[in-house]
Structure formats: structure tokens, C-alpha cells
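Look at the two complexes coming up: chain A is in both, with chain B in one and chain C in the other.
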Partner chain A sequence: MIRLLKKLKYPGRWSLFRSDDRLLLIVFAVIVGICSGLAALLLNRSLETMLAWLHHYRVYWWAIFLPAAGAALSSLFLEKIVNEGAGHGVPEVIYAVSRYGGLLRLRSGFSRLISSCLTIGSGGSAGPEAPVVMSGAAIGSNIAQAFSLNDRQRVALVGCGAAGAIAAIFNAPISGMVFAIEVILGEWSTMNIIPIAIAAVAGTEVSRLLKGNQIAFAHRIFDIHFHDILACVGLAVFCALASVLLTRALRAMHHLSKGVALPLWVRAAIGGSMVGAIGYLLPYVLGEGYHAIHKAIEGGFSGGLMLVTAIALLKILATSLTLGWGGSGGIFAPCLVIGAFVGLSFHRFMAAVWSSVIWVNEGCFALLGMAGLISGIMQAPLTGIFLVIEISGGYEVIVPLIVVSTISTTLCHYLEPASFYLKDLVEQGQLLRPGTDARVLTDLSIQELLETDCICVHPDMRLADFLDIVKTSHRNHFPVEDRKTRNFLGMIHLDDIRPYLFDPAMHNAVLTGQLMNRHVKSVSLHDDLSDVLKKMNDDHIFSMPVVSDNRFLGMISKATLLDQYRKELMVQTGRF
Partner chain B sequence: MKLSMRTVAGALDLPVSTLDRWIRQGRIPIQRSGADAVFTHAALKKWAATHNLSFSLSGEKADDQAPEALDSLVSAMKRGKVYRRVFGADATAALRSAVDCIDFLAEDIRNELLEKLIERERLASTGIGKGIAIPHPRDPLSRPPEAPVITTCFLEPPVGFNAIDDRPVFVFFVLISPTLQHHLHLLSRLSFCIRDREFVAFLGRHPDALDLYSHVAGFEKQLDAL
Partner chain C sequence: MAQRLFHIFRNTPLGRETLLQSIYFCQQMGVLPTVYIPEATKFLMYFENDVVQVDLDPSYLNDPETALTHAEHLLKAAKMKPELFTPKNFTASTLPDIPTNFEFMCCPRSISDLSSKIGLGYIGPRVRRIIQAARFPVLITSPVYKPWQRIAVFFGGSANAVNALRLGIRVATLTNLRLDIFTQAGKNDPSKYRAIVRDAGLEKSLENILEGWTFFEKKRFEDNLYDVPHDALVVLGAYGHGIIRDIMFGSMMEKIQSTISNNLLIAGPKYTVIA
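The block that comes next holds the complex of A and B.
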């Protein structure tokens, strides 16, 4: 029995997978895709039930406190029970992928599902997609850990989890696949694409089996003309502005809430009650908002230009209040809602200014606005394009879709160089995509670069004795350490003492202790390699002693670093 | 062929800790056997080639880059032999007579050697003083001997050689090496012997070959003991 369990723990040893691990990844991708698909459906069903249950109470004035209660409970659950941070979880997944080979905690597999269900179900303005991505990614990571897979395989399964989740929740396999590769992994390699594609298919099939093969936002056929495509440029500008506004509003609210000296759950409740108040006046801003998107795409949304613009702006405010003040959920669904209403506003504005022109139905602009927002805020144009194609089931919008997505991404990149998901990671220097300088320097450690072929000398040694040691060494640096305590005292560099080496009168008159540099700059074994390199560059030095606990451990030099750096880069960027 | 961690790390010129990390990160092809990683030579070689990394096992490396064994002074002297009563009216004639003694070299190489010796002397005399000169070509010969050679020629009478101390030279150590490394090694050993006054006096007596070899061997023993 124990033997069987052991065998199960190491699938890499099974003869089926021994020759090539691609087959192993494909099998696990199916499992992860199914599990993350089920998690996505579970959250979806829970949200539907909760929204239906609370729907009857929305008419009462005290309903404005429902989002507050939901956000407070969600915050308490995350903080006190599962001990996890608020937010949507996507940056955590990206961080885990780039820094820890995709290691995620088991509890992350369900924590965000519950917390986001509480936040969104009670009316908070957020989306269920990012929590589902976190959940799927954690499922993939924990399956990989249970079967002792290596980091590369684990990262692929984290991508599989994210792809399966997005594919299941939107019934959109390509979007799941593209999102996982473009946003989560940031690395297009066949080793990842194949299992991720399979997981996306598995997640979609789970969704279709249990929920039916529904297109999320079915619409009528659009008759798009050239002037509509031209108008898309203007729409892309508005989408980019809305994306930047949402990004900045979210961050501003987050900073504002941080400055309030109240417990996190109270802050979440404050944010939630403000959302509740907005929602009491304009119910469209509450929850995930898919109902509003349906109406917008169908082209039958009542209300004028002012109302749709107000909905877009208030949705931005509500989302930033929900997430910035401590609620739990993602920005996927809010982006779709804001995008749809930005599209509607733009269409109504165009129709008002150029009333003689026959414009395409406003539902088309709502779809394009959704792609523009998604592409802009995530700076992931492919995700925006494929998501809208798949959730609307229409291929005829592809040309304006590409125009809006690419222009919106470019403008957003210009205004906000890092996407919403990556902004914090970039600021903390923790975005470590494979093959980048930061990743190579993070992966390499000083221990791996240590040159241990230096000969230590003692401070009471005569120069003549030191010269005998110089003859046997091929290094220019000689660490000096105390004979008794072996504590590091300083360094002798041949360049510094060259004039005395050839003076026989000095050979018996000078001790090494008198020749050494006592104020030499050293690094410790656990220093960050990029800091070490900066020190070397600032001081124009090529090598430094590595000293830990006052003991000399070896030297670190730019030459060895370059050699190892190159190997690391070739291994990280080469195909397996 | 199964390889150990240490062997593979050596073959890739990496510390074992880097290899360990690459295994954990799944960057290097391995097979699992129990808790251990098993490397196969063919798979690793293929992987290293696709990643443009050099991979050579210590055995292969030893064949390619075996450090050259440096010869002893006595062996080089024995190969070059000792000649006494070598005559030359002037420096060039003395060099020609010395080169003529080196009969194991082909005629054309001997001519080349003479030209190179004269050319070297033109740059600066190899007469290092105390009546001793170490003529040698500046660059290796076009077809150098496989092992270094020192031909000892005792000149009778001594000839003027523009030596450093202007004393006439009574002995040539003609040094021909296949590589610069051999050349420097033997030159350093020869200098060590010549620093000894008694040895110079001993050379002044134009000793026979066996006597010379035993003296030099004594010096080499001292050098090896250092």
C-alpha cells in the first residue's frame, strides 16, 4: 500500500511519462481544468442563489447596508479565518509564478471563492473572475505539489487552473488560454500552451455539461461600415481614459482606506455602505453587473447620454469603493460593465453630433467598449479581443475590435506603463518574467557564484612568506584573517602592494597586517545580487569578498557572474 | 550511462547548488529513481547542445586539455648531448659550429635554427655573463623537436659574444623548445644552476657529460624540494 502511494506521489517515474513529461502535463491539465471549471461553476451558482435570495430585500432602504455587511464579513473571513489579504488575487498568482515557481497555499483554492461570494452576492461592485482564477491557480499548484512535480510543471498547471477557470466562467476556451499565457505566465512557449489549451477545453466542457452551451451575451447581427471603424479610434481613446481612471481610482481608494485608523472589516463596511448608497439610486452599479451588460448589448437600454455616462462613472466609483476599501473580488466584470457603458455613451454622443450618419447599433459599441476596457486595464489586447468574440459569439466585430483593443492598450501603456495587475509588482521590483534581467539575478544566489580558491593569509606573516604564497596562487586577492579566531580582518590586493613586492629590503621588514586594506567593502551570503552589482558598479570594482558572521567565505566577481548569468539566461529562454 | 550530480555539475562547469536548483525548477532533463535524480549522458548532451552550453565529462576534458608535463633539465640536456672543443673564430662562427653539432635536426631546420639564433643575438646578446650564453630562437622552429632540447657546447677558445659583463663566452647552452612554456621552465631551472658560483667554476673545467648531468640533477633535486 505504502509502495503504491509512493508510486502515485511521483508520476514522473511512471514508465508512461518517463521519456517525456508533456504527456504527464496533458493528463494533469485535464484534471486541473475540470477542478477549476467546477470551482468557477460553484461560485457562479452561489452568486446566482445569493443575488436571487437578496433581490427581494433591495426595495427596502436598509438594503444600502447589505454590501457593507457582505464586505465586512468577507474581510473578516479573509483576515481572521484564512489569514489572507483582500483584493482579487491575480497579482498574488503572478508573483507566485515568477518568484516561487507557482507555489500557492491550499486555502487559496477556496478562500477567495467564499470572500468574493460574500462581497459580490451582497451587492458589492466586483467580479467573480479573478477570485476564480486564484482558486483555479491554487488548485493547479496544489495538485502539482501533491504529485511532487517540479517548478516548471507546477507553473504550467497554475496556468492551466487560471485558463480552466476563465474558460468555464465565460464558456470561452480561447480567452481562458490567452489570459493564462498573456497575463498570468507572460511566456509563450509550447511547453505551456499545450497543457493550458487542454485545461481550457476541459474547463469549458465542464461548464457546458453543467450549465449548458450558452453564449454569455448573445446579440443581433451588426452591419459595420467604414465610418464605424473610424469612430472606433475615438472609442478607444475613451476606453483608455476610463481604464486609467479606474486604475487610479482603485489605487487612490486603497491608499485612502489605508490612512483610516480603523480595523479592516470596518473599513470594508464603510466602503460597502457607500456602494450600497450609490446602488440604491442606481442599481446597475451593484454586483457583477451582467444584467446591465445584457441590456446594453441588446441595444435597448433606456435613458439618455447623461444617464449612461453617469452609470459608467459611478460603476468606476463603486468598484473602487468596494475593492479599495477591503472588499473581495476582481475587476474583470466591472471592466465589462464600464466598457459597455462607455461604448453606449460614445455611441449616443456620436449619434447626437452626427445625427445624419447611420451608425451601427449601439450594442456593437457596447461590445467594443468592453474589449477596450479589458485590453486597456490589463494591457492584454489578445485577451480583450478573444474574450469579447467568445462571449458575444460574433466574429463580424473582429476588425473594429482589433482597432479598439490595440489603440486602448497602447494609450494605457503610455499613461500607465504597468498594467493594473502588475503595477504593484513592478513598483516593488517583484515582476520577474522568465528571461529578464531581474529574474536571472533573482534566481542566481551568491552561494552559487562563490569563488573559493582564494588563499587566506594571517596578519603576522612577513612579506617574504607572503610572496611564497603569491607564487602558488593564481588570484590577485588575498583575504587576511586572524590566526586564532579566523575572523576576517581585511584584504590584500596585489595591485596595491606591487611597488613593495620587488623591493628585497621590504621582504623581512613588513608584515601582511600592515599591507592589508582594512576598510574593504564586503557582501554577505544573503545579499540581493542586483544590490551587489550596483555596489560594484558604483565603486568601479570587479570583485568583492563575501563575509558572513565575520568569516571570509570566498569572492564574488563580475567575471564569474557573467559566465553564470549567460548560462542561466540560456537555460531560462531556451526550449526544454 | 548514468551520472552523478557532482559529475554533471563538473561537466557543465556549474556549482552543485545551481544544478540542484535547475532540477527543482525543472530546467534540466532528469529521471527520478527514488528520491534521487538520475542523469543520462545522451539526454544531457542533447539538452546542452540545444541550450548552447558546453558539456564535457572530466574524462573527455582530460583527453582534450591534459596539462603538458614539463621536462627536467637533465632529460633535455641528455637529448641535446654535450660537445667539447667546439671552435668558432667569432660569435656567428661559434653559433654555426654549435648548430652543426645538433645532428638530429634535418639540414633545412638546422639552417633555420642558425638564422633564428643570429637574429636573436642581433636583438640582444644571450650572453648572461660569467662566460655563459644561452642561445635560443625567439620563436619556435617551423618543425620543432617533440621534446625540449639543450645542447651544451664548450668553446675552445672562448669567444667574444657581447655578453652582459663583456667577458668571452666559454659555454653555450643552445635551448630549443617546442613551446614557450617549456622554454621558460628550462630557462628558469638553468638560471638557478648558473647562480651558483661553484657550478660556474665546475663548468669552467669543461666537465664530461656524465659529470655535468649528475651536477645538474643535484640542483634539480634542490629545486623540486622547494
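The block that comes next holds the complex of A and C.
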């Protein structure tokens, strides 16, 4: 029995998988896809139940406090019960993938499902997609940990979890796959694509089996003309502006909330009550908001240009208040709602200005707006394009979709160089995608670059004796140590002895202690290589002594660094 | 190469005893103490195949104004340069990442529970997770500062026990202290254990430092523990036996930690022997 358990713990050692781990990853991808799909459906069902249950109470005035209660409970749950340092979820997954080989905590597999259910179910303006991505990714990571898979395999399973979750919640396998690769892993390699595709299929099948093969938004046929495609350029600009506005509003609210000296759950309640007040006047901004998208796509949304613009802006405000003040959830669903209303506003504006032109149905622009927002805020055009195609079930909008998504992504990139998910990571220097400079330098350590073939000399050594050492050494730098304590005192460079070299009278008169440079810049064994390299570049030096606890350990040079850098880069990119 | 011991400072009298013990260990071993004065009650430790979230007992954040002074005072009194650790990476804004590339780590018996709960027979779940996942040995200190004058290694014959013996030899060599080995042999022939040590190539290393090898043949293991010198640093392995190691701390380890109050230096299953 114990032998069997031991064998199960290390599947990588089975003869079936030993030669090539692709089959191993495929098997685990199916398991992770099913588990993450089930997690996504669990949240989906819970939200439906909670929203239906609370729906009857929305007519009462005190319903404005429901989002406050939900956000406070959600915050208390995360802070006091599961002790999770709360964030949006997706940046944490990307951080784990880029820095720690996809290691995620087990508690992350369920904590965000419960907290986001409380926030969104009570009316908070957020989406369930980021929590299910977090949950799926944590499931993948913990399955990989349980079966002792290596870093690369673990990262692939994290991607599988994210893909399975998105695929299940939207019934959209391609979107799940593209999202996992484009946003989570940021690396298109066949080793990852195959298991992720399989996990996305598994997640979708779980969803279809338990929920039926439903397309999120009913398919409509749109008659798109050239002038509609031209108008898409303008729509893309509006989408980009809305994306940037949402990104900045979310961050501004977060900073504002941090400055309030109140417990997190109280801050979440404050944000929630403000959302409740907005929702009392304009219920479209509450919850995920998919019912509003349905109406927008079907072209049956009553109200004029002012109202739809107000809904888009207030949804941005409500989402910022919910998430920025401590509620739990993601921005996927709010982006779809805001995008749909930006599309609708733009269509109505165009129809008002050029009333003689026969424009395509406004539902088409709602769809394009959704893609524009998703592409812009995540700076992931493929995710936006495939998601809208899959959730609307129509392929005929592909050309304007590409136009809106690519232009929106490009404009957003100009205005906000990093996407919403990556912004904090980039600012903290924590985004370490494989093959990037930061990642290569992080994976190298000073210890492995240490050149230990230096000959140490003592300060009381005569120049003549020192020259004998120089003859046997092939280095230009000589560390000087105290004879008794072995403490590092300074360095002698060959240039330092040049003035005395051709004057034999000085050879017995000058001591090395008089020649050495006492103010040499050194680095410690535990310094970051990026800092060391910056120091070298700033001071125009090619090598530095490594000193720890006053002891000379060796030299670090740019030449060795470059050599190791190339090797590491080749390993990370798989290009030899 | 300067080796480092990671210590999380608790600004209480109990924390002072723990830091004194760490300082003593560092002085004996020639290791640099790296002290972390936490600013949040949570942190993460990312190991090779596991991520451990440590939720500190709130007493770790006691009186933050004096924490630094207290820690520096103890280190300076021992003529050690205070090296304070500041987290560079954060998984979330209130969740710092603590590196796991130290050579040693010091833990009290529990870092997540109130100090009133800590006593013999109890090692907290987080400390257990750290021991299970870490490449470094973990120093579990006695409740009060207790200098040790000899090394006692518990050797049960498993692969992890061999690692623990290597660690004990390393400590004894660096500190110039004598080493005792204790084995609960029961009905097994002592020559079996000697053969394991010989096959591991440790006989020669033991020649100059071994004080004695005690084989307990009678009585229960916990009753025999009275023979372990009270002033010894006890070195032993944990999670040592096959698949069970992933679930159980190890029966010998549980008995030792619940019976004796010496300082314990524990090598977990992932402990990598430094040459």
C-alpha cells in the first residue's frame, strides 16, 4: 500500500512518462481542467442562487446596504478566516508564475470563490472570472505540488487551471486557452499550448454537461458595411479611453482607501454602501451586469445617449468603489458591461450626427465595445477577439473585432504601458517573464558567477614580493587582506603599480599597503545582480570584489556575467 | 563563505531568550544572524515545491518602537554586527516573501500560536511545514536561553538519520565540541547501525569527535531519554521514513520533542548536506 502511494506521488518516474512528459501533462491537464471547471460552475451556481434570493429585497430602501454587508463579510472572510492577503487574484497568479514557478497556496483554491460570491451576490460591481482563474490556477498548482512535478510542469498546470476556469464559465474553450497563454503565462510554447488546450476542452465539457451547451449571448446576424468598419476606429478610441479611465479609477480608489485609517472591512462596507446608493438609482451597475449586456446586444435597450453614457461612467465608478475599497472580485464582467455601453453610446452618437447613414444594428457595436474594453484593459487583443466571438456565437463580426481590439490595445499601451493586471508588478520590478532581462538576472546568483582564482596579498608585503605574485597570476586585480584577521582591506590593480614598475629602487621601498585602493566599491554575496550591474554601469567598472562579513570571497566581472547570461537566456527561451 | 541564520524577532521576554539562543548558535558556528523584525503578521516562504504561509502570533508585533533597539542591543552585546532583513518582494501589499536560501533558521516551538500555548510536546503546524519543506536545518530553541556544551545526535538508521548525523558532525567540527550518538536499538544488533555509518563513509569523520555511542536496548525510548545530557544540542532528522514522511513528523522525533527541553537542530527530508 505504502509502495503504491509512493509510486503515485511521483508519476514523473513512471516508465510511461519518463521519456517524454507531454503525456503526463495531458493526463494532469484533463484532471485540472475538470476541477477548475467544477469550481467555476460552483461559483456560477452560487451567484445565481444568491442573486435570485436577494432579488426580492432590492425594492426596499435598505437594499442599498446589501452591497456594503456583502463587501464587509467578504473582507472579513479573507482577512480573519482564511488569512489571505487580498488582491485581485490574477496579478498574484502572474507573480507566482513569473517568480516562483507557479507556486500558489491551497487556500487560494477556494478563498476567492467564497469572498467574491459574497461581494457580487450582494450587488457589488465585480466579476466572478478573476476569482475562478485564481481558484483554477491554485488547483493546478497544488495538484502539481502533490505529485511532485517540476517548475515547468507546474507552470503549465497553473495555465491549465486558468484556461479550464475561463472556458467553463463562458463555455468558451478558445478564449480560455488564449487567456491563459496571453495573460497568465505570456509565453507561446507548444509544451504549454497542448495541455492548456486540453484543459480548456475539459472545462468546457464540464460546463456543457452540467449547465447545457448555452451561448452566453444569443447569436444575431449583423449586416456590416465598410462605413461600419471605418466607424470602428472611433469606437476603438472610446474603448481605449474607457479602459484607461477604469484602470486609473481603480488604482485611485485603492490608494484613497489605503489612506483611510479604518479596518479593511469597514472600508469595504463604505465602498459597498456607495455602490448600493448608485445601484438604487441605476440597478444596471449592480452585480456582474450580464442582464444589461443581453439587452444591449439585442438592440432593445431603451433610453437615450445620455443614459447609456451615464451607465458606462457609473459602472466604472461602481467597479472602482467595489474593488478599490476592499470588495473581492474581478474586472472581466464589468469590462464587458462598460464595453457594451460604450459601444451603445458610440452608436447612438454616430446615429445622431450622421442620421442619413444606415448603420449596423447597435447590438453589433455593443459586442465590439466589449472586445475593445477587454483588449484595452488587459492589453490582450486575442483574448478580446475570441471571447466575443465565442460568447456571441457569431463569426461575421471578426473584421471589425480585429480593428477595435488591435487599435484599442495599441492606444492603451501608449497611455498606460502596462496592462491593469501587470501594472503593479511592473512598477515593483516583479514581472519576470521568461527570456526577459529581469528574469535572466533573477535566475542567476552572485555565488555562481564568483571568480575565485584571485591571489590575496597582505599590506606589509614589499613590491618586489608582490611582483613575483603578479608574474604567476593571470588577473589584473589583487585583493589585500589583513594577515591576522583576514579582513578585506582594499584592492590593487596592475595600473596602481605601473609608476614603480620600471624603478628597481622602489621595489624594496614600497609596500603593498601603500599601493592599495582602500575605497574600492564592493558587493555582497546576497545583492541583486541587477543592482550590481547598475553599479558597474554607473561607475564604468568591469569587475568588483565580493565581500561578505569583511572577508574577500572573489570577484564578479561583466565578462563572466555575460557568459552566464547567454547560457541562462538560451535555457529560458529554449533556443540553442 | 559567510553562512546565515534567519531569525524572526519577537519583541517579548520569550523572544529575547530565543534571540539569545540564536546568537549563541551563531557564535559557536561562525554563522551570521539575519534578523527580521516583522511589520505584518503574515509572510510567505516559497520553497522548492511548497509555499508556506506563516501567520505570526500577534506578539511578534509588540511595541514596534522598541523592537529594533532590543534586537540591536542583544546583537551588539554579543559583538555581532546587526544584519536586519527587509523584504524586497511582496505577493500582496501586506504579504511579504521571505527568501529560503539561508543556511539555518531559528524557530521557537510555534510561531503562529500564543506563547502561553507553547510547551513540551507541541510544535506548531507552520514550524512543521517549514521543517518538511526546507533545505536548511531548523533550530528549535529551548524555552529559556540554554548554552550547550556538547552535541547529541539521534541515529535511527534511516537516510534522513544519516543526514542528521552528517549535520551533527559538521556542527561538532565547527564548534570543537564532542559528539554523542544515541540509538534506540531494541532487539536490533548495534553492528547494523555501525555498518550504516560505515557505508555512508562517516567513520573517519567520527574518529576524532565521537565521545560515545549509546545503544538503548531495554526500556521505552522516552524513558531512556533521561540519559541525554541536559547541556547538549540535540541533532536529529524528521519525516524520515518513506511515504509516511510526508504525513508524519516521525515517531522518534515526536517523543524527543515532547520529552526533552534541550535545543533541537532538526534536519527535514529536503535538507541538503553542505560539504
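The criterion applied here is as follows: the second predicted complex is superposed on the first by the 570 of 576 C-alpha atoms of A that agree within 3 Å, B and C clash if a C-alpha of one lies under 4 Å from a C-alpha of the other, contacts with A are read in each partner's own complex, and residues count from 1 in each chain.
Quick note on the criterion: a contact is a pair of C-beta atoms (placed from the backbone, for glycine too) under 8 Å apart; a residue touches a chain by one contact, two chains touch by 3 or more.
What you are looking at is a predicted structure, and each value in this text was computed from that prediction instead of being measured.
Overlaying the two complexes via chain A leaves chain B and chain C side by side, clear of any clash.
In the superposition on chain A, A:Gln145 contacts chain C only, with no contact to chain B.
Looking at the shared chain after the overlay, A:Tyr100 reaches chain C, while chain B stays out of its contact range. Once the two complexes are laid on top of each other via chain A, the angle at chain A between chain B and chain C, using C-alpha centres, comes to 70°, given in steps of 10. Within the superposed three-chain model, A:Arg486 lies out of touch with both chain B and chain C [touch as defined at top].
Within the superposed three-chain model, A:Gln428 lies in touch with chain C and out of touch with chain B [touch as defined at top]. By the touch criterion defined above, A:Lys521 reaches neither chain B nor chain C. Looking at the shared chain after the overlay, A:Asp443 reaches chain B, while chain C stays out of its contact range. Between chain B and chain C, the minimal CA-CA distance in the chain A superposition rounds to 8 Å. Common to the chain B-facing and chain C-facing surfaces of chain A are residues 447. Interface residues of chain A facing chain C in the complex, by the touch rule stated above, are 2, 5-6, 9, 83, 85-87, 92, 95-96, 99-100, 103-105, 107, 145, 148, 428, 430, 447, 525, 528, 548-549, 551, 553. By the touch rule above, chain C contacts chain A in their complex via residues 1-2, 32, 42, 44, 46, 49-51, 53, 55, 81, 88-95, 242-244, 246. Residues 10, 12-13, 18, 101, 149-153, 443-445, 447-450, 563-564, 567-568, 570-572, 574-576 of chain A touch chain B in their complex.
Every residue of chain B that touches chain A in the complex is listed here, in rising order: 12-15, 17-18, 21-29, 31-33, 47, 50-53.
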